[in-house]
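Okay, here's the structure, questions in a sec.
Labels run A, B, C and D following the written order; every chain starts at residue 1.
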Amino acid sequence: MRMKEENFVDEKETNRLEAFSDGVFAVAITLLVLNIKIPGLDLPPNKLLHDLDLWRALRDEWPMLAAYTTSFATIGVMWINHHRLYTHIKRTNTMLMLLNLLLLLIIVFVPVPTALVAEYLVHPDQHAAALLYSGTMVILAICFNLLWRYASYHNRLLSKNADTRAVSAINRQYMFGPVVYLLALILALFSTPASLTLNFLLALFFAIPPRLPRSLSEQSY
Amino acid sequence: MRMKEENFVDEKETNRLEAFSDGVFAVAITLLVLNIKIPGLDLPPNKLLHDLDLWRALRDEWPMLAAYTTSFATIGVMWINHHRLYTHIKRTNTMLMLLNLLLLLIIVFVPVPTALVAEYLVHPDQHAAALLYSGTMVILAICFNLLWRYASYHNRLLSKNADTRAVSAINRQYMFGPVVYLLALILALFSTPASLTLNFLLALFFAIPPRLPRSLSEQSY
Amino acid sequence: MRMKEENFVDEKETNRLEAFSDGVFAVAITLLVLNIKIPGLDLPPNKLLHDLDLWRALRDEWPMLAAYTTSFATIGVMWINHHRLYTHIKRTNTMLMLLNLLLLLIIVFVPVPTALVAEYLVHPDQHAAALLYSGTMVILAICFNLLWRYASYHNRLLSKNADTRAVSAINRQYMFGPVVYLLALILALFSTPASLTLNFLLALFFAIPPRLPRSLSEQSY
Amino acid sequence: MRMKEENFVDEKETNRLEAFSDGVFAVAITLLVLNIKIPGLDLPPNKLLHDLDLWRALRDEWPMLAAYTTSFATIGVMWINHHRLYTHIKRTNTMLMLLNLLLLLIIVFVPVPTALVAEYLVHPDQHAAALLYSGTMVILAICFNLLWRYASYHNRLLSKNADTRAVSAINRQYMFGPVVYLLALILALFSTPASLTLNFLLALFFAIPPRLPRSLSEQSY
């Protein structure tokens, strides 16, 4: 009975860690809209733009919209990843909470390099913004790895009946994370568009659950 | 037993998807208040407005208050709709999470066209703001449809004992969504007030649960 | 069995309504800190204020701190009230969700009149800010009443084993709400400090749970 | 049966108190990113900085990044502490909700002195910012103590089978909190860096769970 109670406490602790993280993700993703300026919001009614000028003003906002969409997609995909890890992580301790905070520190920062990179899309010969963006992604990949390695090492914080195949599939997928993001960083020294494209493909790749070996996965679904 | 565990995992996943979405809705709806300027907040105490001037300054804020109320109502009604869908959707997968993110991307954007349209209420001969607003609503209706069609197709992600009548009532209600919002968009080319009125009526219509056939609904309540 | 399932759905629906409301309360109460300006945040390092000037700059911020504390307390007390009502309300429907949205619309707006009233504390002869503040409180009291009357009418949405004495104690407490807040509004025409004091006492009164008749409450605790 | 139901209500109340607090923590920690300015976000595309100038502009942002990281760590550690207390606190009442609100009032305010202290890192001879920061930490330590003393006094709001050793370990750890934070405040009169270092060590100390006596802890784990 003692043991059951402890399990219950652990479960609850994970819930609150997830709820806090969800809150941070939700606020970070929603704050992005504050960067979209509404044309003429501070003008008196008699100075408002006419239709043609308003369309032009809205068209000039496309880099803001690109930054909004990209940041939204990036943070959203990070949330899907975070969510996937916590379907396996079932218990928590102080170290996991600190590693989770470190991860959130980087995620909340993501809109800064994303806005920069969207701003500099018109200057493909300038590489500083792309380097900062790629560098942030490398750090993010390392933080995700730290969190997952710590929790999954010898099943430290996984549920007792964790699906070992799913766990080792994540292990394989995560092993390459920092390395390929580092490649995207090096690519940014030479070509901004190529680096951004690779980063985009990597985000998609990590959003999709790792494929289980066919013969095994057929059995379990 | 294997199956039961999977069910539990699925349930939990939906919970977290709902919690994240609730967070996004809550932040988006609360951020709206930041657009209401407080008159004289940056003035030194000896330069504060006198009663008559303050009333005048507050009265001049009515377009901001109109935008605040309209955006609040729009996002609130979207939350009610989202909430209704997830009383039927009980399981989740990567595709659903991506479709849900796409929906949230549009919902978080809603305050931008709403503020524009409230600003341009004084110029009913200008149609750009109303067109942008109506266009956003068309995209929103399409996103809601994508999410619901994906989840409800062959009961893919619905609960096994889903109320089939309620499901097909939502299907019928949603079928007309994009079409009628498209009508409101075309209407915006000719008359801004008419288009906004139609949009308002549509929001109300989608907030109210679809009516079940009387004879059947009598049985079940 | 049909009935049990429905109960479960209802329960879950209330949970999500509460989670969404909690999110709105949490964001609204935290956004208040954005109004506190940090002296010299935009100055270059070599132009930063010296100790004496910094103390003076911080001291001049007291109206901002007063507004921050007052708004925080007001929204906090509203959260306690909201939370108390939902220990009795156990089921939800579209009407309750709409009334809850109306209540949140006013609560999110509360920082605006509170900031104004804190700003005008130095001009007790000016009554416009106090009138706006008191007026908002009257509307808030009416919204709380609408929500509670709708949910508790013939136990419409209360739990089946609701504590009838607790329910009628809330009924008695709420009956006087709008009337006494209206008195505070009329008082604001004559004396700003008297009106604010009455509003403060009312907030405290509604934060404390209604007293049950002694003989009965002794039995149940 | 009456008793069981009461337990359930109490449990639920704690859940909602935790959810609300989590929301406040999540918003407060995420809002910190708003203080990081994105260089050139308001410039037209043809006026954007070149790589070298952009690197310089980013380098000049280091005090903002320091403030961001420090505030994030401070609020994060406070969340871990709050979370730990509520693994023991299982019931709630109006007084606990008010004490919890008081604690959140201070936590939401934390970014203000943290930003100031980061700004003044370049002027170690100026002590006003460090005094304000240390003073806030003293008040925070007192608020944490009030909350915990009130809840744990005669096990008032703890779970009935609370781990008495864990509870008295927290009691011992918290007893010294306000005193040592007061020492850091006095230290700030003489040396800003020494005071900040002590504050940092104290934050770490309170983030790590109190050590149980070895012989006893071996038994229970």
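Assorted remarks:
As a working rule, a residue touches a chain if its C-beta (ideal position, glycine included) is under 8 Å from a C-beta of that chain, and two chains touch if they have at least 3 such contacts.
Since the structure is predicted, the reported quantities are computational estimates derived from the model, not experimental observations.
In this entry, chain A maps onto chain B through a rotation of 90 degrees when their C-alpha atoms are superposed, rounded to the nearest 5.
Shared residue numbers account for under half of those found at the interface formed by chain B and chain C, and the copies are therefore classed as meeting with different residues. Seen from the C-alpha centroid of chain D, the farthest chain centroid is that of B. Centroids of chain B and chain C (each the mean of its C-alpha atoms) stand 25 Å apart.
Distance between chain centres (mean CA atoms), chain A to chain C: 35 Å.
Listed for chain A are residues 19, 22-23, 26-27, 31, 34, each touching two or more other chains. Listing the residues of chain B that touch chain C in their complex gives 18-19, 22-23, 25-27, 29-34, 36, 38-41, 45, 48, 50-51, 54-55, 58, 68-69, 72-73, 76, 79-80, 83, 86-87, 161, 207-209.
Every residue of chain A that touches chain D in the complex is listed here, in rising order: 5, 9, 12-13, 16-17, 19-20, 22-24, 26-28, 31, 34-35, 63, 94, 97-98, 101, 104-105, 108-109, 111-112, 115-116, 119-120, 122-123, 126-129, 132.
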